[in-house]
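Heads up, the next two complexes both have chain A, just with different partners, chain B and then chain C.
Then we have the complex of A and B:
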């Protein structure tokens, strides 16, 4: 319509505008080119100009094709410090590897954005898809869970998925990143912009080698009261902007609950380095079989 | 309505309750550990000795990492309230237990305290200390009649065997 209006004014202006419009990416390109040819042929007395097809769009496949080459052991493989028989943990690990051979569970951390499709008998198409930020990874062994948080239509929604549940069909990592803490439960008391994730978000490409990017974002909170007193040292949260919501006196008052002897208490230490290496080599061996 | 029995059930709790609270417990253990490092053999109540035993062995494990290790120095600085014992820990105790991997301490029971409380007492020591042993080895008297007769019998047997061969 704009082309017709431009042509009605003058011939050269019409050709100029046609050239400009040809450079601009428009939706109905085919419609435009035929109309251009028509108008050009109709108005000019010269030969009709050679048909120049529009440039083809370059499709860049940003989906993660190659598996991660980082040495990563999922935290649910590491057994907790208990008095149970290690046979129980080795049997559980066998079952976990069996499930992983069927469903690809990618590497992700608290703070990464995931999309999960789950089988649902009540939904149309029998599946439902949910996209959100992973705020917590809990549980050990087959009962390992992760919680995805998103805000849809102004309502905050958190769904806790079992990693090894047979209902889960795909887990995609849309954005792989770490945050300053392992547990992002404080997002419930933060401003909603920090928990909203676009449902139709495209996967952000990330390299399979190299360090996982750490997002040093400090989140702004809603006014107090919060669901938990996040300023207390027992939570040890690095990712909140306390200076915007708390006075320095309140921060000092919160330090009264600090337990400085806990970092020196050798009873609470659980050294998992040798255990991790063992389990990682075992799992990699089983997965490659 | 009490929904949690956390205060009553102690499944998997390894640390005993001592003193006025967790901070008091750690301070008490710190004092006992400092005394143990200074004197290498101390007597306390059985419960305290049992708690300190774990921390004493872990402290030696940290000392084995060396003087230059930051974490080891921080731990030693925290646990030893008398700072002249820090070099003793790194230069005397760590080399002493170089070849062992665990079991640096020994605990033995003592008769109950003579006070009104009659508390169970125990002795806790680092192995390789300069004092006489806790369980003294009884040496048999060579000059008693039976030992002399046995000695003569053994010599005669040895002589007979040597003559036959």
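Then we have the complex of A and C:
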């Protein structure tokens, strides 16, 4: 209050600002005092006092020196809920780890942009390189696959690769990101601009720590008919701009195929958290050997 | 009352082991039996104590024993040229030779060996079955089959004259010869027999692949029916064996000429090409191929069977020469 009284030269002009400031309940008295002094000084013709910035407190967090790496377990390691002997899954996992020691299979999700070079007897130089968006990751165990989509010369092309096939020589992640859905099959019915990926794209750097960026892009669709009725609740798609292609009445009509009882069905629950932790620790142990 | 006729227990003769025992005794029975059987399966045939039968060499036209295995599941595998094939994994769990039937006992032409598969609890087996397993000194098995064997390939099941001593000594000293997955080698061809998946009472279209009738164009109540059942007035009958609706599946089917790509000696698993009849975790009978063009003379598989003491340690995984092993670098096709 004494500081405020000292800057009483331009008080009439400062009354409004003061009232506002008091209502807002500023935390930093220093800020208030400096701004007021500045305002007050600007009215008179005297030289403005030299602005001395307050000393900033430097916060050093000594508890976490290095940020921990993102824990990622590839979805094909998680066994499906079946009446199979766990011996079969453990043997498959050993084979998968052996292959991963030779070929580096990076972390990626549906929506990331990948480049794959594969051995091909018919191609010149015996290898062919394909760049595209990953629209789906399917299969479990050694038969895991992923589909890359791109549009080349106006023609949409999708290639389904086996993750553990010996013909694959390198897999590079050019851009690591997630989308709002796990399955981007609707890109087939979307405008071509959303599926085109530049073939000579440079890899976008991403950090191995922290969260994976989620691209909340909502895609515009071509006019109906589509290959599948993506508005139906069984697909549960978040990444399409339905308001541009469908009226609200049609959206309501699509909700007729909703099955709201499924989320309460206890027999369909498959809790993989403990399994995931076990398998992740096992895989990390084997990979570090 | 009429509605309880099927659900009332009419046969009151046989009892089950738990009926007259207290809970402590039941638990003790279970534990002791489990320990005894693990001891029996872990024991291998000791050549010094048990006087093994003479080992003959392989001759033209001799047949060796087969194995009983469990179907685990299927997995993909790749060859060195990059082609993808599917493979079924069969695990040999506790396979023992139980009895030897000589030529005269069996059918007068060939000798036979009775082999048993997966271990199972003794509490739900009948007395006659248990006697056979007790003679062999082996835990009771879920599947028991006979394999026709030539005389030079018979394997010793157990010492039968020691049966007159108390059972404790019997279980310690002798047990049936165990059979392992290394009995088969990669590159060999096998026949696999199993009970196919039961589909129940099925119509003629699913069971025999009939075409049925069209869905529209005036068909009255006839879309999946067999149609005509025979020639007509001349035979004036329906021939025996006419394909008609009935029970489908749950019969023994043999898949011939399946190649073995890989043998895992640690877990006793065989990787067999293609698919095999039966559901997951079902028991199968595996034997060397009958097909003349796929007989394995070049490979020299162990004859009469693979003995761990005599043949020493094999690698954990035996691979076929065309199979791509995952520890190798990626393929570069030239």
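Basically, the second predicted complex is superposed on the first by the 221 of 289 C-alpha atoms of A that agree within 3 Å, B and C clash if a C-alpha of one lies under 4 Å from a C-alpha of the other, contacts with A are read in each partner's own complex, and residues count from 1 in each chain.
Convention: a residue touches a chain if its C-beta (ideal position, glycine included) is under 8 Å from a C-beta of that chain, and two chains touch if they have at least 3 such contacts.
Treat the numbers as computed from the prediction; the structure is a model and nothing was measured.
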Sharing chain A, do chain B and chain C clash or fit in the superposition?
fit
Identify the partner contact of A:261: answer first if only chain B is touched, second if only chain C is, both if each is, neither if none is.
first
Go through the superposed model and pick first if A:142 touches only chain B, second if only chain C, both, or neither.
second
What is the contact status of A:52 with respect to chain B (first) and chain C (second): first, second, both, or neither?
neither
In the superposed model, does chain B or chain C contact more residues of chain A?
C
Looking at the overlay, does A:82 come into contact with chain B only (first), chain C only (second), both, or neither?
both
Could you grab the smallest C-alpha gap between chain B and chain C in the overlay, to the nearest Å?
5
Counting contacts the way the document defines them, which residues of chain A are shared by the two interfaces, the one with chain B and the one with chain C?
82-83
Partner chain A, residues of chain B touching it in the complex:
12, 14-15, 22-23, 26, 54-55, 58-59, 62, 74-75, 78-79
In the complex formed with chain C, which residues of chain A make contact?
82-85, 87-88, 91-92, 95-96, 98-99, 101-103, 119-121, 126-127, 141-143, 162, 164-169
List the residues on chain C that touch chain A in their complex, please.
70, 72-73, 75-78, 82, 84, 89, 91, 264, 267, 269, 280-281, 324, 326-334
Considering only the defined contacts, which chain A positions touch chain B in the complex?
82-83, 259, 261, 264-267
